[in-house]
Amino acid sequence: MTVDVPLLLDLLGVFFFAVSGSLLAARKGFDLIGSVLLGSMAGLGGGVIRDVILHQGPPAAYSHPIYLVPSLAASALVYFTVKNVQRSGWLLFTFDAGGLALFCVTGTLKALAAGMNPVAGILLGVTTAVGGGILRDITANEVPSVFDPKDLYAIPAFIGAALATGLWHLGWLNLATGSAAAVVVFMLRMLSLHFGWHGPLAARSWTPRRAVRS
Amino acid sequence: MTVDVPLLLDLLGVFFFAVSGSLLAARKGFDLIGSVLLGSMAGLGGGVIRDVILHQGPPAAYSHPIYLVPSLAASALVYFTVKNVQRSGWLLFTFDAGGLALFCVTGTLKALAAGMNPVAGILLGVTTAVGGGILRDITANEVPSVFDPKDLYAIPAFIGAALATGLWHLGWLNLATGSAAAVVVFMLRMLSLHFGWHGPLAARSWTPRRAVRS
Amino acid sequence: MTVDVPLLLDLLGVFFFAVSGSLLAARKGFDLIGSVLLGSMAGLGGGVIRDVILHQGPPAAYSHPIYLVPSLAASALVYFTVKNVQRSGWLLFTFDAGGLALFCVTGTLKALAAGMNPVAGILLGVTTAVGGGILRDITANEVPSVFDPKDLYAIPAFIGAALATGLWHLGWLNLATGSAAAVVVFMLRMLSLHFGWHGPLAARSWTPRRAVRS
């Protein structure tokens, strides 16, 4: 895997997440500038967090202006093509799943390439994958998707990060296998949405009636 | 422009944003400590994000205790002088605009001085300018001002960052021109609030009736 | 104080905050994965912010996998033992207070050991102590505990950070005195909750009737 392949997958991940951010901006009634900002936070946020944690210089999103291209393209696409924002929920979930799938792989690879141990690589891959979406959702004053108990979100990202780590250590990593890992993550996330696969609640013997806080 | 001029403008920006944070704290019914905290997050947050991204050592807000002075002064000012919190909306917007105006200039200059390219300089200037306000608003559980579709917020910051970059590259940057760029940003922001200047919605062919999410 | 004592107190602090995060996840109706995530954000978030600001390499939570142990243990504990989530409010406050008490001490010590001046040390200690809880609460779409005007939160953390700085500079710091400082913080926080000790409001001459924003 040359240095360009992770970049390509990374830029595609930025685009997918940025579309999800711009769609959410449209759904919240934000304007085009808000769409660019929320799209950029969703698309670039996970990678910025990753690069800040890796501590190897300014984040790629700032030092390489190419990262702005998919981010701006996503806002333009949403601006010109989305007809019915209220019915764009599945579109948002689908693009978000694409970003999740690519970022858990590229985030892990970047961590491993920086010399991190496998556990830290997986952890940073998951952080990269869920970070942008969490930033997007808390900025838009929503409970982040990753905490929705009706489907799986972090588990597919964890599996993708573990797959990428395995491929890396076995020397089997290339564009095909890396993309395959991302496809697995994407499918798992979409299937969990479709079939309502979900994990157990946070406290085993508790069935919440409504979310509360003292 | 000596090293002290950006520091002076930066400290003034901290003060303005910190007043906005302390005013929001008062409006939310927080106590004086919460006012200091929210004021500090608003005043220092943008610069901390900027310095973390620049990756040149601990953020100035931590390594130079002088940054705490405008932040604490702002909370004290709000504590002793604000009489009617419910009518302080315009005061909040005005101080916030002052911080925005100064930070988009100083953030850009600090990025350029650190050797960043012009695009990254503008991007980091805008990030510095909107970062503290976003931190302030999401911490107070509000949708950030920058996403309010009824006026312009990021556009004036972008213009200020672009002006600062231009002045820098032309060698025309000094206290007068830097301050003038900030005044332009401040005026644009205030005029957009007064006249309701705003951008197009995030999706061209969509008129939201209410903010929704599936 | 050898290098292991701060580590031990730090891991205990991670555990306490992670329990608070997992309890909040249970209260919000999140699933077990959400519990692990919110617990990790609460437990590891303050330390990650501290380490990013210290700018001495990747955060300990990523470079030392041992940090994941107390975080995962906390989610498991909540999963298996909590019977009535709605009545877990005091449990959440108590574990949160334990994390606050330990992190204001360990955060300050880590900052001082990195060569920061006393003011910055105290500031970073308070940031470490309140950071994880703020991340936890804004992620769960709650106004952070630190802003609750009905009790004291940041003040005990500030006192603990000041105590740790004093002990450090007097050369009196060891496991016993460091733990004693943490106990003081814990007691102050719990007493303020019990007796409703609180600070003055953010604007002296203002009694809010309800939280508003123009």
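Per-chain residue numbering starts at 1, and chain names A, B and C are given in the order in which the chains are listed.
Everything below uses one rule, namely that a residue touches a chain if its C-beta (ideal position, glycine included) is under 8 Å from a C-beta of that chain, and two chains touch if they have at least 3 such contacts.
No experiment lies behind these values; they were computed from the predicted model shown.
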Each chain counted as touching chain A and chain C at once: B
Shared interface numbering between chain C and chain B [over half = same, under half = different]: different
Chain centre separation in whole Å, for chain C relative to chain B (CA means): 28
Contacts with 2+ other chains: residues of chain C: 52, 55, 138, 141-142
Residue ranges of chain C in contact with chain B within the complex: 52-55, 116-117, 119-120, 123-124, 130, 134, 138, 141-144, 146-147, 149, 152-155, 198-206, 208, 210-214
Chain C - residues contacting chain A, complex: 22, 24-38, 48, 52, 55, 57-59, 62-63, 65, 68, 75, 78-80, 82-86, 89-90, 138-142
